[in-house]
């Protein structure tokens, strides 16, 4: 029996979700460390054939496809039914599922149906003492956790999005495409998706992964548009120092600092902010701090991860342009 | 209607000093708290009971100390609580926990709506909601930011889900399990009278045998923990604007934040 | 002796801490700045039972121990001195004497709405010429048929601007001096009873401190609390209870200042390192932490004795004098640790410093507390 690593592909708005390609990189690493004959994928869609060339080009050896109109919107019971039947047929060693919202429902649900182990939100894998250990964040990311499976039964892993790179593409690469005869119907679940609303709301400072903050170095309130541009490109929120709030450039609910909000984003961008202690009190525990300031002695450089001595007004628009290009790739 | 809320007592993540951890997880003396998502669980059950009538039952699985979270739930006004506790469950994984919770729900006669938090801080797996739903073979609606409709006569729920990139409105039939996100409601504070009465209520305990579970099989286990790699010391990027932009982008992308 | 909290006390602490962080902390600085009485906040506290913590359930209270009450006061005071004294006055200075000395009718009519948070109380003892010398009050109460007529004025009365129910101490017989003082229940809206000058103070700015004016105020004789001439005894008992509340308030204020100073010391970098790494600062923080712990234990012990039905006058005075002086020392050091920033209103420590001072004065000055302790130990 071939040893397979099966990856679950998520389709959204007729496109393969990026995270479903990222998991291939983990699959490849697992194959290197633990050996496998093939990295295959499970593709449940209304029209699976649309995606086969792309999936092969990213490196998948086999595609197990199931077609149904019921796959249009993700519902756990329907996808689980199909996946469980598929798993019983092909019996892979590993099942990798993207750790998106829906993926993190599917992985444990299937794990419970098959009474097998699931490790969630994996960011890496290592080999030690002859076993594979999967690395994941716990305690709200304050600790890293190494987990292992205790039997040779199916090992299910949900994979944190963006933890692994999208693999390189080899155009024209081909593989084995199998359409399976697994039936799912609407009656398999009572869940109906009534409406899908794409993101429009403003992200709050407290919830934002990226905060783009401006201080007096931005020159005037009109220049704050540059901050909003970058925030829009990254899906982040705009913050401000007390000085510009007091000057009326932006409203108080954007203020970060001792008398404003305390934030802990993945990246805190400080443009034209000197870094007075009152401001630092509100953002110093951010994962990454990027500071741009004309003054090389600005105290913000003492806490920044990356400091750039430059005029924020020159740097910012060019940076926004470059990062937009990079994000599309 | 019967509303069942699943809650958990966790070690306070704010009191865990990462630098002192590893390879074992040292939890001695770390204060325990109610999982922050779970006060929203209790409140959601109470609000729907107030609207539609019925009872609110709260279940937790944990050691002796876990009684406290059940007492908090009682102080908030729930009708009944159950404590699943057995030494055999020590060190078990989410699959075992979910099965125990599912069996407890069956044992008390089932539920119309089961509410769990999105995840429990600490483990951060977000497994319990889906796995309990799987064991009970009922629909799952996760990341619920608002229950828009709930009907006993139609046995129906309509809920708003919060996903990456937007929202979804879904409907399902009851019984159903939902996992809730923070701020779905504004949890009430336990009244002091409630608190005093709650401190005296005898809490029923379910052992492994009470739940009809056999030998416990654990499928995955912790090998070690460690603090995350230390925050790198700051550096100043030099060069022309174009060069520094390029260096910055390279650095940020290599940190896998995008 | 068990130093650890029992389950009920732990739950009380968690609930009060949660409430204080979510409801009190966000408004504390604004309350201090505007001096606006926190009507909404007090209403929420009332609904939860925080205005009648130790009062029997049959009269609308939460029937928790005095230890629980002290825990709750500390948690509220940690963020706001004003809110904690509003709560303390209602609980200890108004509800407590009504429980001890009130008739069934009086308890049902006056105590129940106060304990359940529907009404707010204040304690009218102090006068322009009668502070520490409470026996020298000049407000009079003259019996007239089935009524009393009250005349006089009270100053520095916490909650006065918003109270519905006041306990007013007046002399029914000047010749008997302090044995001629009686205690009366006077309700807002009674003709002749009004709020006078509002005090602008150094601290606890939102506590509604004002003058109460009584001009031919006629009240039913049934509003006499206890017996004629029992007023001084009622006042002394009440202050014994109240002192534990003030001690807890002082502990809370001190703790708030200390926690802010600790946080600042870890963040403030001078001479290349966080100032928390300098021994001078470390010793200051160590002393602050130790004194706060000691103050809390004294307070808890006094509350414990009260719960046990044991005499607690000496212990309550000890806890009040010690805790209030700790609050002064700790808040002063907290500003010092903050350096220039501590002097700015941008940081909360200057408010804790201003709020702390009154704890050495009201409900019996530190000098009076020492007299009380001395008279107990020299008996």
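In order of appearance the chains are A, B and C, and numbering begins at 1 in each one.
The working rule: contacts are C-beta pairs under 8 Å (C-beta built on N, C-alpha and C of every residue); 3 or more make two chains touch, one makes a residue touch a chain.
If you're wondering where the values come from, they're calculated on a predicted model, not measured in any experiment.
Trainee: Give the chain pair, either A-B or A-C, that is connected by more C-beta contacts.
Mentor: Per the contact counts, A-B leads.
Trainee: Work out per-chain C-alpha centres and flag the one nearest the whole-protein C-alpha centre.
Mentor: B
Trainee: If you average the CA atoms of chain B and of chain C, how many Å lie between those two points?
Mentor: Spacing between the chain centres: roughly 40 Å.
Trainee: Nearest whole angstrom, what separates the Cα centre of chain A from the Cα centre of chain C?
Mentor: 53
Trainee: Cα centroid separation between chain A and chain B, in whole Å?
Mentor: 22
Trainee: Among all residues of chain C, which ones touch two or more of the remaining chains?
Mentor: Correct list: empty.
Trainee: List, in ascending order, every residue of chain B touching at least 2 other chains.
Mentor: There are none in chain B.
Trainee: Could you pull out the residues of chain A that touch at least 2 other chains?
Mentor: 302 - these are the residues of chain A that touch more than one other chain.
Trainee: Using the touch rule from the top, collect the residues of chain A that touch chain C in their complex.
Mentor: It is residues 258-259, 277-278, 280-281, 284, 302 of chain A that touch chain C.
Trainee: Taking the complex as given, what residues does chain B use to touch chain C?
Mentor: It comes out as residues 33, 67-68, 71-72, 75, 189-193, 195-196, 198-199.
Trainee: Which residues of chain C touch chain A in their complex?
Mentor: Per the stated touch rule, the residues are 267-269, 341, 346-347.
Trainee: For the complex, give me every residue of chain A touching chain B.
Mentor: 73, 75-77, 80, 100-102, 104-113, 115-121, 128, 133, 136-151, 153, 162-163, 189-200, 209, 234, 266-267, 287-290, 301-310, 314-315, 318-319, 322-323, 326-327
Trainee: Which of the residues in chain C come into contact with chain B in the complex?
Mentor: Against chain B, the touching part of chain C is residues 7-8, 10-12, 14-15, 18-19, 47-50, 53, 57, 62-64, 68.
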